[in-house]
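Here the structure is laid out as structure tokens; the discussion comes afterwards.
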Amino acid sequence: MWKFTVRRILIMIPQIFLLSILIFLMAQAMPGDALSGLIDPNLDPKEIAKMREKLGLNDEWYAQYIDWIKGAIQGDLGESFRFKMPVSELIEQRLINTFWLSVVTLIITYLIAIPLGITSGRFNDTWADRIITGYTYIGFATPVFIFALVMLWIFGFHYGWFPTTGSVKPGLEPGTFDYIVSKIYHMLLPAISLALITTVNTVQYLRSEIIDTKQRDFIITARAKGAPESRVYNRHILRNSLLPIAAFFGFEITGLIGGTIFVEQIFGYPGMGQLFYESILLRDYSVVTSVVLLFGIASILGALISDVILSLVDPRIRIK
Amino acid sequence: MGFLEVEDLKVHFPIKGGIFGRTVDYVKAVDGVSLSIEKGKTYGLVGESGSGKTTTGRAIMGLNNITAGKITFDGYDITDLKQAELDVRKQIQMIFQDPYSSLNPKKRVLDIIAEPLRNYEKLSKIEEKKRVQELLELVGLSPESIVKYPHEFSGGQRQRIGVARAIALKPKVIIADEPVSALDVSVQAQVLNFMRDIQEELDLTYLFIGHDLGVIRHMCDHIGIMYKGRYVEQGTTEEIFNSPQHIYTKRLVAAIPDIDPSQRKKQIQFRQEVQTEYEQSYNEYFDSDGLAFKLKPVSKTHLVALPEVE
Amino acid sequence: MAEGLLEIKNLKTSFRIKDNYYAAVDDVSITVNKNEVLAIVGESGCGKSALAFSIMGLHNRAKIEGNILYKGHDIANISPAKLNKLRGNDMAMIFQDPLTALNPLMEIGDQIGEIVSLHNKNLSKSERKAKVIKLLNKVGIPHPERTYKQFPHELSGGMRQRVVIAIAIANEPELLIADEPTTALDATIQSQILDLLNELKEDMNAGIILITHDLGVVAETADRVAVMYAGQIVEIADVHTLFGDPQHPYTRSLLNSVPNAAKDQTKLHVIQGIVPSLQKLPREGCRFGPRIPWIDSSAHEDNPVLHEISPGHFVRCTCYSQFSFPEESKEDQSHGVS
């Protein structure tokens, strides 16, 4: 098993390398450069040219890339021209916020998906299944940002059950119990809104997996052993159907990244998604590239986690 | 010199291990097999599951990398795929074991049969269709079948489609890998009869791989018995069935179910005798690794793997 | 001496296809005694597995009519709880396809252990393991300790088939249904498995239903043989009678299509046409008639029923006496194997 994991991690390195080159080249292709935002427009163009030279902005692209990646590895992602502060510092808190928002969203996603998927798959073509499938169709058809807006309006403004902006109540001491509770409280509505929509994929997937597994020959073998129906479901059908769901986990993370961009914006939640959105509007390139790089790494990590989980639970992969 | 000759064929598959997938060992799937088939004859390759029959067939087809050995066809050396001219290569075709999964279910019969034609010959659409229809007629299917999909056919008919594909390029040799193992008796009879018919009609040479000795006996002129990648015995059908020399062959022959129930007692007794002999004389027939010895001739056509006499 | 174990009366199993029910098993009545192997033979698609599944109660959405008496109790439509007590314990089944019959994510030891502990709740872990190892030994698995920890994909087809058999015989069932237990195996392993079935029959006094289309296997193992065509039994007799004096045209056709070294055949007999699908099956008159078109239709009975032509030998319809193969002329009236 660990061999597989190690090999899988080794594969990741060139993946991330390629990703960083790609992002770097894309950033290069965009108008302006790291200086455009930094400098005083009243400065003499000759001065600017000198600064360019000094900063290495006239070097070949690969030399610049090496500079950039060296910095990135050491945690130096450049300066944000809007916030006038190092990107890494800017990102740190937001990264933590988004991380926790994603974790909570994932938990809620599975809390919804697993019971619904199981019910729907086990009792397919009953009224319960039809209601659940109906919900998934609505979920597929509804854009996240509209749904999030509606949720915000109903539960945030109309009923006032949830805070409508921010990630924590201002003035609380970090690390205290109240602080943590407030953090979770702020996360809840965005997470639920996002989860309710993204979960429909998983529900559908689990449903069809279960229906498929139900018809497999080894299920008949289990019945012929005299296993009661509950055992057939719990020991044989469920385990075999949850396996592909584990493989789905990586995609879930990628999907989540897209989701957070909208949801954070709508709920005024200071996370990576919001930062990304705003930086694009303001053409704060060093931030944008950094955020894209992190998103990319998160997707690659997601795929890695999927594969490792799969190798843990699927003996057919575990052996290799 | 036979029409198709295999000399000391070896196919070893590497076993990978470690993080970097280094080769740690080899599976000697085929380990020194020689055979020779005369034109128009059927050569049977028998042996237990995993003994290397399919691998031998695939190696001759050029589908497996050959570790060592030489394959000649009609005098040409075809061992190295790249050296062999395509023209020679297409003279050897293969029929696969499972008629249910060896045909792509999403393709129409026309596309399935025309596939080798498209690889080797440039025909216009009309010519191609005509050829396919001729082939279908030859295998006893209606020419209208071209627009159908494999699932619309019975097992025997599907195997015929497989045969039609195999003979599309007018090959001289057909390697049939357990062509009837997945079929029931009546369909099996249909396919076997049909294979004999086209053999005569097209002057085909068969390498017939199988494990049903009844079928092998019915079809083959010569038989080779494989065990763990090596030959234990080779001879004419007569020799193998009437005077098997190697204990493994004896065991195989004894295991054939007799279709006459009144022989049951005798058969069981016979089998037990062979089993006892097998257990007692195992060391005389296999080396310390449990592998067969080199073949020694006992008659002009009959070879048996026996130890060197001291 | 023949003790009835299973008695099936007028069993009809129908599948629903587009709002209609079609019988795949149609009015089948057979008995299986203790210490007896009843073989059921017939081409692919003639309803052998459907019959076996009906006995085991494994169809989900089929309509089952008629009676299945196991030791005198009707099990055709009993409650799942009662059925589960019987399945795996009193009666068990070996499935046709060893490649798909095992759970890919479960260790072999657990798959066999499951059936052991389901019917023997107070077995300790080590007792259970010991029993599983014993079973693996019994079916001829060379390294039981190792196989115990392996997964199905690590085993060859023959090994998997033996695991499937180990599961079926785990609790020494009195009724064993073996659905093509040796089709996937080579000759030497096949004869081992058949020996094992015989042992089970003799040592445990079990009744065995052996489903196969390999007539050689039947000749070697069965005590009685039922020939099935298109959902019906067309002939039933003890094994010597069936092979020595087959009557029904279908039985004779089947026997003729086997390569037989004793006869010098260049051509094997081929039964024309195919087994019709359930929807296309003629439900009235003779079902096999369309496949022997050279026999004049006046020879066929309108509605062939089973006739007992000698004690224990039943043949559907009476017109078999007028049947001959087109290729053999009138003077060669010997049929089947001599």
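Residue numbering begins at 1 within each chain, and the chains themselves are lettered A, B and C in the order written.
The criterion applied here is as follows: a residue touches a chain if its C-beta (ideal position, glycine included) is under 8 Å from a C-beta of that chain, and two chains touch if they have at least 3 such contacts.
Protein identities per chain, from UniProt: A = Peptide ABC transporter permease; B, C = Peptide ABC transporter ATP-binding protein.
This structure is a prediction, so every number in the text was calculated from the model and none was measured.
**Q** Quickly list, by label, the chains bordering both chain A and chain B.
**A** Where chain A and chain B share a partner, that partner set is C.
**Q** Look at the interfaces B-C and A-C and say which one is made up of more C-beta pairs in contact.
**A** By the number of C-beta pairs in contact, the winner is B-C.
**Q** Average the CA atoms of each chain to get its centre, and name the chain whose centre is farthest from that of chain B.
**A** Most distant chain from chain B: A.
**Q** Would you mind pulling out the distance in Å between where the CA atoms of chain A average out and where those of chain B do?
**A** Here the centre of chain B sits 54 Å away from the centre of chain A.
**Q** Taking each chain's centre as the mean of its CA atoms, how far is chain B from chain C in angstrom?
**A** About 30 Å separates the centre of chain B from that of chain C.
**Q** How many angstrom between the C-alpha centroids of chain C and chain A?
**A** Those two chain centres are 55 Å apart.
**Q** Send over the residues of chain C in touch with two or more other chains.
**A** none
**Q** Which residues of chain C touch chain A in their complex?
**A** Contact set of chain C toward chain A: 56, 58, 80-81, 83-89, 92-93, 95, 97, 100-107, 114-115, 118-119, 151, 153-154, 164, 167.
**Q** Any idea which chain A residues touch chain C in the complex?
**A** 216-218, 220-229, 231, 235-236, 239-240, 243, 313-316, 319
**Q** How about chain B: which of its residues touch chain C in the complex?
**A** Its residues touching chain C are 48-50, 154-156, 184-190, 192-193, 196, 211-215, 217-219, 241, 251-252, 254-262, 264, 267, 271.
**Q** Residue numbers of chain C touching chain B in their complex, please.
**A** 43-44, 156-158, 185-191, 194, 213-217, 219-220, 222, 239-240, 243-244, 253-255, 257-262, 265-271, 274, 337
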